[in-house]
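In what follows, structures are represented as structure tokens.
There are two complexes below, and they share subunit A, which is joined by subunit B in the first and by subunit C in the second.
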Partner chain A sequence: MDFWFSEAQTPNVKLSIKVDKQLFSGKSEFQRIDVFEAPEFGRFLTLDGYMMLTEKDEFIYHEMITHVPMAVHPKVRDVLVIGAGDGGVIRELTRYPEIEHIDMVEIDPLVVEVCKKYLPQTSCRLNDPRLTIHYEDGVRFIRSCKDQYDLIIVDSTDPFGPGEGLFTREFYGSCYNALREDGIMVNQHESPFYAEDAVACQRAHKRIVESFPISRVYQAHIPTYPSGHWLFGFASKKYHPLRDLDETRWNMRGLTCRYYTTTLHKGAFYLPAYVEELLRDVEQEC
Partner chain B sequence: MERLDQQRAPIYEALERFGKMRVVPFDVPGHKRGRGNPELVELLGQQCVSMDVNSMKPLDNLCHPISVIRDAEILAAQAFGAAHAFLMVGGTTSAVQSMILSVAKRGEKIILPRNVHRSVMGAMVLCGAVPVYVNPECDHRLGIPLGMSVSAVEKAIRENPDAKAVLVNNPTYYGICSDLRSIVKLAHDNGMLCLADEAHGTHFYFGENLPVSAMAAGADMAAVSMHKSGGSLTQSSLLLTGPAMPEGHVRQIINLTQTTSGSYLLLSSLDISRRNLALRGKQEFKRVSELAEYARKEINAIGGYYAFSKELCNGDSIFDFDTTKLSVNTLDVGLAGIEVYDLLRDEYDIQIEFGDLGNILAYLSIGDRPREVERLVSALAEVRRRFGGSKAGLMQQEYIDPIVAASPQEAFYAEKESLPIEDTAGRICSEFVMCYPPGIPILAPGERITKEILDYIQYAKAKGCSMTGPEDADILRLNVLK
Partner chain C sequence: MDFWFSEAQTPNVKLSIKVDKQLFSGKSEFQRIDVFEAPEFGRFLTLDGYMMLTEKDEFIYHEMITHVPMAVHPKVRDVLVIGAGDGGVIRELTRYPEIEHIDMVEIDPLVVEVCKKYLPQTSCRLNDPRLTIHYEDGVRFIRSCKDQYDLIIVDSTDPFGPGEGLFTREFYGSCYNALREDGIMVNQHESPFYAEDAVACQRAHKRIVESFPISRVYQAHIPTYPSGHWLFGFASKKYHPLRDLDETRWNMRGLTCRYYTTTLHKGAFYLPAYVEELLRDVEQEC
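After this line comes the complex of A and B, so read on.
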């Protein structure tokens, strides 16, 4: 018997993963949620059939979306995380003792419940006393926040579905407003490779550039995401992602990572020529 | 034929049956189920072009319905509580025109508020009826025209006992309703008919805790935009009649101007939408009202904006308010409604229904979800943060009492000359000038142009309102009577 999970990464490209068994399948108010177990990737979570994370490669995404801003901002106390129901970002953030409070805003309680049960690898720190989970629309939550976070991490799904609002000008504007004067926002920034993703990537970049004085993009290699080439956005009111990187300070912490290093941090901001061009095209419109 | 009930959709069912017959088309439309126009099929899909067919025996004929269209009309009449319902494919404009043309001839009077849609005036140009305007009261804080007070209608009836009908907006674009029941009674007591423009009121027939519908209030005719809150395709509409209106006469009037090639895409969309509303309208519109209520609460919490609702009701000129409408006054944010409208589109990719000088209207319907409402509210908060300012210098929209110097038809067809707009004060206008949307004329043919009106046009243009109507598209010149 062959049991395969397939995701159409584009209408013409499929990624298939051989599955041992399906651990969960359910439908919330917002989306269909599935958890599978696979010989190659361990357990993995999909939403509406789109790959969210696998146990094998989630460290890349979660380390890169968390440690890059943490190595730049000198003192992060209050963090807002949008999405991230799997808990991976929270796991990385709770490694920093100086963080005093984390608000996590996830629209779908069922995602959190399912991840707590089936994906302990990422959800293991969701009971941290510094964490408050809010089950509501991130667009709504942040609207009334002003000047109260040092770091906002937008760990969204793709901009075609419940996550669409997290790729909008109004949302990025609200993020700007919710950050302190030296705050940083980091977001999941889609892939530059396939045409439809590239357009989403450009649109997001354009809106962030319009909303923040500093806006840079960095990359990572995530095997189970479409094309494997993934981008993150680094938007900031004051700190530059490279000039304000304090390598010694971060390395003195003694945190061990499997993907992130401060050397990789620097390299991650050097982008392929076609990606630079794609981003430059929209920057010129701003 | 099986029993007719609201579970049925006779036109849709006939189209399904017809599709299975695989009839060879040697009739119009010439694209022949799309084969002759592959690019159109690519755009619209095979299913859609296959249903774009002509009137024929199995599918009935809109001009003279005797089978499935007739059944669909009977079901629509039942669903809306009307004596008869006509399916319309030329928009609610055509429903409104047929309504006016059915009740008034050349020289006959119709009592109506000035804030009617252009289609009402257009019908008067066509048939030569003469408008008698009732001043809709104006809310000075919001700068919007309200409904007609019963006493003002009474006065107009007293002064014009020969008028044929009273026309009421139910509701206005902003969601405001007059006391329709009392106005119907007043009209009937004086031997007049009562007509309702319900372009924005389809949901009144199905929702709970909404203003009274025209048919329930006893009105004689109502033009109902099924394609607005009802969910059918753009350009499809309904004309409802009460027991006093002879069906055959109204059908004749409709056939004067309506196409003889009624689109089955539009007709089937009316049929399916009527079924949906009859079966699920109540809970659907409850959801829309709750969503609008939530949006009002959130928008009012931003500060500056005023999303208004039933608290405006005064028992007369604001007899009731349609709580599904999300109308927001923007003046205290320091922006004209039209500016907020433009910013939402240009900066936030959000298209709302319209913006006028002091207000915006976001149209909520059965297709809306909370997440889009969250975006709208956040975008409004951002517009205020980024662009808000002082209220100084913003013009209030005031009701300008029209001076009717000639009937719309006389003025439209009279000898005229074109003048630079600034030189037209004191002259009689022979064309329409309006902001679109909402499409309520600032000037209609036959009205005297005043300096006040010219100032208003100038300001609206400067604020970016899209002005339409005159022959000169840039509205630098106006046609006036010689």
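After this line comes the complex of A and C, so read on.
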């Protein structure tokens, strides 16, 4: 049987993945949710037909969105995670014993339910006693938060559909207010390569630069995302992602990663010339 | 009209590119050659159905295979280029006035002819007076070379078909002999992500480590190659790719690039943990 999942990464580019079988298909109040099993990628989750994660390469995204800020901030106790219903970010965060509490705000309870059932590789720590899951709109949840988190991780979908509000100026302002005076916000920041993604990336960067004194972008190779070249935003009130990286402190923890190293951490901020230019263009408008 | 080119990046993954029209299709003694025009990528060249370059992202490959060694070696006068019939490497090399002579050894005259006609963006410097094109098998050409090049760039296809010999121990040994005492060899080194490419990458690395005292691998984001995560090998008799990088000297040249910067140069050598492990595994066998 020839059974393929295809994602239109742009109207003119498709990535297709051979599928063994579909494990789940359902529709929540917010989106269509599917889980497939594939010979090359293991299980994978799509929302409204867009690739969210595969078992083969999710370690790259989840390690990079979590360990980069954790290796910079000297003491993270309280964390807010927006989105992240698959549990991958929670799995990485719960490796840090000094984290006392994690609020996870996921708009869609069905995503969590489906991931608990079909994606144990990422959802395996969703029962951690330090975690409170709030099934709520992240934009609304954060409005009432003030000065209470050391780290906010925005693990959003793309800037349309349910994820749209997580790319607004209002939301980034709320994140700023919700962070303590030395807090860090990290977000998934789209890709610089295809024109439509690059525009989303520029728009997000402009708004973050306007909201935070320190705002830098870093990159990773994520093969199942459009172009494979994906960006994250590092926004901060006090700590610089390179000058305040404490390699020794992080390496003393003895955490084993498959993508992240403190050396790679530095290289991830050394962006290609055309990406630097994309970002500089909007910084100059601020 | 719905007209698509698809490449099976593995038996279970396909990248498909919408095509406006096919500009050329022909068969040489060595391979099938096609040129297409695509709305997302401009023109693109395939050999035996495998993506070689697109006008949209070829700058990444050609800048990274050329400027990394050029920013390390203090004085490159004589260069040997193996493959590279599209002319992209030559275009980048001819930006350096101190280069006195380039031998380019391309097995297939039809590739050069087709690229001259249909891909002026890469072939635009194939008429440089410093360039001599030899239509010959690179493996054979290099056997008789001794102590005569400062830099060898191996711009090969994949390690099967016409490119197979360019991944052998014999070939790397010949490159070593063909280089002057402070010479550098750079090669396209496959990808670490999909299993079959990773094996090719490990095998090449093992053979290069056995042939050269300094052997390091660096990476770039090349969206139209399998997984988008592509590697290059930097093999050297004397210069270290990071310790001997002279950022000031290179930046004083005033060359403008779209991907390469001397800062990115450093980050390109900071590899993900799993890639370091792949390479270390074979280094320990040497």
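The rule is short, and it goes like this: the second predicted complex is superposed on the first by the 286 of 286 C-alpha atoms of A that agree within 3 Å, B and C clash if a C-alpha of one lies under 4 Å from a C-alpha of the other, contacts with A are read in each partner's own complex, and residues count from 1 in each chain.
We adopt the following convention: a contact is a pair of C-beta atoms (placed from the backbone, for glycine too) under 8 Å apart; a residue touches a chain by one contact, two chains touch by 3 or more.
Everything numeric in this text was worked out from a predicted model, so none of it was measured.
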item	value
Touching partner for A:Pro11 - first (subunit B), second (subunit C), both, neither	second
Subunit B versus subunit C as contact partner of A:Pro97, first or second or both or neither	neither
Contacts of A:Pro39 with subunit B and subunit C, given as first, second, both or neither	second
Subunit B versus subunit C as contact partner of A:Gly254, first or second or both or neither	neither
If touched residues of subunit A are counted for subunit B and for subunit C, the larger one	C
First, second, both or neither for A:Pro129, with subunit B first and subunit C second	neither
Partner chain in contact with A:Thr263 - subunit B first, subunit C second, else both or neither	second
Residues of subunit A touching subunit B in the complex	137, 139-140, 142-144, 162, 164-165, 168-171, 173-174, 177
Residues of subunit B defined as touching subunit A within the complex	298, 301, 347-349, 370-371, 374-375, 377-379, 381-382, 385-386
Touching residues on subunit C, where the partner in the complex is subunit A	4, 6, 10-18, 38-41, 57, 60, 193-194, 219, 221, 223, 227-229, 256-261, 263-264, 266-274, 276
